[in-house]
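First chain written, first letter: the chains are A, B, C and D, and each begins at residue 1.
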Amino acid sequence: MLGSLWIIPLLPLIGFGLNLFLGWRKARKSLVTIAGVGSVGLATIAAYWAIIGYLEQPARVIVERYFTWISAGKITVDAAFQIDPLTVVMMAFVTFVGFLIHVYSIGYMHGESDTAYARFFAYMNLFMFSMLVLVLGSSLPLMFVGWEGVGLCSYLLIGFYFEDTYCAMSGKKAFIANRIGDVGFVLGIFATFAVFGSADFTRFLPIAAAHPQQYAGWATAIGLLLFVGATGKSAQIPLYVWLPDAMAGPTPVSALIHAATMVTAGVYMVVRCNVIYRIGPAALLVVAIVGGLTAIYAASIAVAQNDIKKVLAYSTISQLGYMFLGAGVGAFAAAIFHVVTHAFFKALLFLGAGSVIHACSGNQDMRTMGGLRKVMPTTYWTFLAATLAISGIFPFAGFFSKDEILGRTFAAGASNLHGFGWLYYILWFLGITAAFITAFYMFRLVYMTFHGEFRGTEEEKHHLHESPWTMTLPLQVLGVLSIIGGFIGIPKLMTGHASWNLIEHFLDPVVIPLGTGHAAEIAAGVSEHSAGAGIEWLLLLVSLSIAVAGILVARSFYAGEHAFEKPARFVERYPLLYKLILNKYYIDEVYDKVVIQPLYRFARFCWKAIDTIIIDGVIVNGTAFMTELTGDILRFLQTGNVRNYALSVAMGVLLLIVILW
Amino acid sequence: MNPTMIPIPSAWILYLSAVLFVIGAIGVLLRRNGISIFLALELMLNSANLAFASFAFRFAGASATAAHALNGQIFIFFIIAVAAAEAAVGLALFIAMYRRKETIDVDRFNILRW
Amino acid sequence: MHIEHLLTFVTLGPAAGALILAFIPGRLEKVQRWAALLISLAEFALSCLLWANFNPDIAGFQLQTAKVPWIPQLGISYHLGIDGISLLLVMLTTLLMPVVIIASWRSISEHVKAFHISLLMLTTAMLGAFVSLDVFLFYVFWELMLIPMYFIIGVWGGPRRIYAAVKFFIYTMVGSVLMLVGILYLAYSNHLQTHVWSFAYSDLLKAGRQLQMGHSFFTSPQMLVFAAFALAFAIKVPMFPFHTWLPDAHTEAPTGGSIILAGVLLKLGTYGFLRYNRPMFPDAWHAFVPLILVLAVIGILYGAWVALVQPDMKKLVAYSSVSHLGFVMLGLAAGTIASTEGAVLQMVNHGLSTGALFLLVGVIYERRHTRMIADYGGIARVVPVYTGLFLLVTLSSIGLPGLNGFVGEFLILAGTWRRYPVAVIFAALGLIFGAIYMLWMVQRVFWNPFTHEENKSLKDINLREVLAVAPLVIFIVWIGVHPTTFLSPMEAAVRSLLMH
Amino acid sequence: MVTYVFLAAAALAIVFGILAIAHRSPIINVLSLVVVFFALAAIYAVLGMDFLAAIQLIVYAGAVLVLFLFVIMLLNIRSVDRLGSGRRLQAILGALTSIAIGAAVVVAIATLTPAQGAVAPGSQGGTAFPIGRSLMTTHLLPFELVSLLLVAALVGALVLARKETR
């Protein structure tokens, strides 16, 4: 399979075409299942085949060029795929998690009509294609193909129930928010072409790495522009607003696109372009700050949400913030590590939530759930595993990755990175606080959903059931991964051997060493300037105890006989704060009032005032009117009196004589 | 004709032509009666004829241009022919106009105005 | 057939076809339609032959016809030739003609004969304008375009067709008459220097380059002649603020007319800038680049804003044209090889995407007789295939990678960035607005609750309409995936054009 | 002698020219014009243009002006307007313009033409023979065209003057 990587994304693309055809012919669901899930399954096999092939040979970066995609002047873009450790990691979990979610969808989407079912799998396959192009693409433009492609699929899938205005609107919102980011991304690509002459990763990154000082300024600019794209795609401040609304799509979509894969594309991009960020440290700092702020900001909103998927959505934003925080302090491998573990547990959380929603006949409001533990044990236990993972409880997957990021952030503060040590301490504090909040809201969710007594109607209660095996099997697989997934990145601290941290070791080649004499050498720098083993152990304990504290607070608030009393009192005491958080700090409203409405009004002004009245009315038709008016006045010279005409002729003769004299 | 000197400067004839032209022009511009206008027009045509005659007369006197002397006279001939045609059509027009309005006062014919 | 005559056949073929149609009785409407379709298909086949015989390594004009004197006293002759740039546009034109004829199969039911004759004459005029190597001949073809288009809008158009047709005609005429003055001035100054009358492109090219640059606009012959040409082309493009004839013409024109208008006619303007203004008046061009850049960027943003609030689908697409052609002008103004190639490709892209959009709007208009967005909603349920096609074309129009629009915009912006990064930043905002107005329209037409009961009986797109839109879709994908097919033939031409 | 004849004819032409445009009676106008034409014919004769003098009398005085008389009598026009009646501005501007043109022409003649006398046309001059030969050879085409013009005028006059039949 290595040597023809193009087969991997092509398979889902074929599945897309087949499903479109099947949907058009209104074919049976089983056929669609074979085409839709089968193609992704084959792609997964192909991907792993390629990965094995890759691991068996010595080269660390292999670029396969197929044909010249765009070539004009100094701009050349090859249609080429690249496989390197980062691609391997991304491709491995994207195909695998993607496949599991496809399997899950068989059960989840079974109630849809034949055409809708085919349409769903068509979109999902198209998404897999785009996502694979994104991770395999060997240059920024090619990455952008996948980048926009996943955005398109996100649009289509969020708006899957297109007859619902909210769904249609949310899809559009997602696309446009992504588009805003994408504009930054393409500008970054243009700048890359202008500065380095190529946007192939294997060309411009080594050039930048070899001359860090020369390119520092441009690298900062490019890094920031690309990061604008990342804020759109990975839902960071200020473009995160689309992700909570994206929950309007079917739940497998939320799991696949809006939790596990697509939204991590931004992190992938930052890590992929780590050289650019490392030589332009201001950009890296921005990444860290945005990540840290997003982490705590989104977590705080999640606390007050009652929609189960909305909680998870804000949780995703918050976790993505962690990843950017990690990338921002130069812990690129840790960021990717968190991407992977997050893919496991967040996909699981969403699928579990989907299972719950499935059981509750589409209801997503946690206030009318409760006690589901007894009815759907598989869902409950797997969900709990994922919750422990995201809360950062040892030895679940999230513990290792999150702790790695926080530890590196603290280390950055300790080593006074870029001279902004205090800032990194603040970021670390934000991160650790967000970890507390995360543990709190996740267990709030668990208690409200699975514990206590069912609070819905009798009819709903009667309908409660465990999901079919196509849905629970992926839950179980992901549950196992959520438990053991963290072991690919056991810190050196625990084992004493750096090589036990498999993922970091594996991703080492991605972080290209910089040329000599650069002050902002981070990759090697931070780990060597770590805060010392004692402090590291302390940090570990702090984050663990913080997580446990969060769980305990949640328990005292939402579990047991006096559940919901404390929160109610809290709301009574701080009504404004509660309202602010419940309404997500009114950011949507602010955007609407400050950006959208003025834009719309301005557009109307352009049309009605500038276009219709000034340009067309006054200038264009005004000219026509003036012409008509002149004629209207001049026609009075036509008296109809022959003698007047004769006089005019005589005067004309006189005039001619005078002129010709 | 005998080739004796005729002591009339050709300029005199031109002056006469100019005076007649002005008289004709005044007639055209100041009369309202269609037929009178037409008469004045004929006077103007004749003044032009006279100018041609003057030049024909002058060219005939100089050997270099003698060959063209006839052209002036030929032109007068053609002008007379055209004037005759014009008079025929013009007078027919006036008859037609008179039938319509019982007058040939040209100020009364102004339906072509604005 | 001698290869030398190929271009003559391609150019005058439709006119000959029109002549044939003239002898078919008008009441045999079916025969008329089929004949016109066959002629246009033959045309396309001929132009494919052109493509096959084209040598992409030659920068200059090739496949030239013999130079036949037309008005020898003034050195005006019949002389045609193509380079990589005009080749693409010729292909676009001949591709769109059958599409237009198929698209008009049902919607044009009156004066069928006259309609097809007009279309074919229009084709000859457009092709002629693209391939003329004699500037006077170019002008004749240029003006000849107006007449059939005037009839197409004025006879088969909507309720305000007379207003739109007259506006289109006079507005365009105003510009082109000034261009005639410019052409005459060029020929005259050429005559002054060489003492030979000539209207040949190559001669006037030299004459234009030698025109003086004065200290101010009004004392500088080169700037004045440049402006005379530029005005004609700017109106045709149309650049902001000369664009207001376009929405009227588009809304009132029949579907076929809109396709041709957006697909090819507007390209004549941008083509003129590239073929005449840029190489003929390099100094004046240099002086005017900032203005063109600013107008292009304003056009991109302004067109998008105005499109955002249009209640009428065709008007929305019309304003989106203003926006898209702003990109083309931006690429031409920047003048790097990449941006220029992108601009030429974007001309083709716009022809395909906007042509397809007009076609698809026409499809639904034929069924419901309304183009108001508010009269639809949720119709994706009743017309799924149509929705899919419309969505694809929409995505191509907003520049999704993998489809044609992206390649053009990418090259334009990436090429422009080297020289005018600020302009690119503003222009790139147009990409956002482009997505907003297009997707908002899609949402209001295809998604959202199904509110209008009368839409229930809407029939999905039929085979004929699919056949009409299929060639466009094929090329939309083709250019998106493998643009090299279309970029490599123009490479040499663009390079040599920019060298001067 | 010749000079006196010319001066007398010129005086006659001017006086009767004025009468021809100024008198209120159309009949008097026509008859005055006859006198003018006779005077011009005399000048032609003095200049040696015999043929022209003859056709001036035959065609103009004899045919055209008689046609005018016929029409005036047919329409029974007795007296119409005075010179310059009606529109005052038209009259003033008309007179001024005419005089200005005349003055300009006079100045032009004075500055451009030598004042001395000229030789009379010799035997090649103004008899019917050289003119006739020239009309039949050099000027044949215009001559034929004039015949066409006269036919057209004839037909046109007939059509215009015909009583309208419904």
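Some notes on this structure:
We take it that a contact is a pair of C-beta atoms (placed from the backbone, for glycine too) under 8 Å apart; a residue touches a chain by one contact, two chains touch by 3 or more.
Source: prediction; values computed, not measured.
Computed centre separation for the pair chain B/chain D is 4 angstrom, with centres defined by C-alpha atoms. For the pair chain B and chain C, the distance between C-alpha centroids works out to 61 Å. We define each chain's centre as the mean of its Cα atoms; on that basis chain A and chain C are separated by 38 Å. We define each chain's centre as the mean of its Cα atoms; on that basis chain A and chain B are separated by 97 Å. Shared contact sites, meaning residues of chain A that touch two or more other chains, fall at 643, 647, 650.
Under the contact definition stated at the top, the residues of chain B that touch 2 or more other chains are 25, 29, 32, 107. Interchain contacts give a graph that is no line, ring or star and is not complete, per the touch definition above. Shown are all chain pairs that touch, namely A-B, A-C, A-D, B-D.
Residue ranges on chain C touching chain A, taken from their complex, read 167, 170-171, 241, 243-245, 302, 305-306, 308-310, 336-339, 341-342, 378, 380-381, 384-385, 388, 395, 400-402, 406-407, 410-411, 413-415, 417-418, 421, 424-425, 428-429, 431-432, 435-436, 439-440, 443, 446-450, 481-484, 487-488, 491.
Considering their complex, residues 2-3, 6, 10, 13-14, 17-18, 20-22, 26, 29-30, 33, 36-37, 40, 43-44, 46-52, 55-56, 59-60, 63-65, 67-68, 71-72, 74-75, 77, 80-81, 83-87, 90-91, 94-95, 97-99, 101-102, 105-106, 109-110, 113-126, 130-131, 134-135, 139, 142, 146, 149-150, 152-154, 156-161, 163-164 of chain D touch chain B. Residues 635-636, 638-643, 646-647, 650 of chain A touch chain B in their complex. Contact residues of chain A toward chain C in the complex are 20, 23-24, 67-75, 115, 141, 144-145, 147-149, 152, 155, 159, 162-165, 167-169, 171-172, 175-176, 179-180, 182-183, 186-187, 189-191, 193-194, 599-600, 602-604, 606-607, 610-611, 615-616, 619-620, 624. The touching residues of chain B, when paired with chain A in their complex, are 25, 28-29, 32, 37, 106-107, 109-114.
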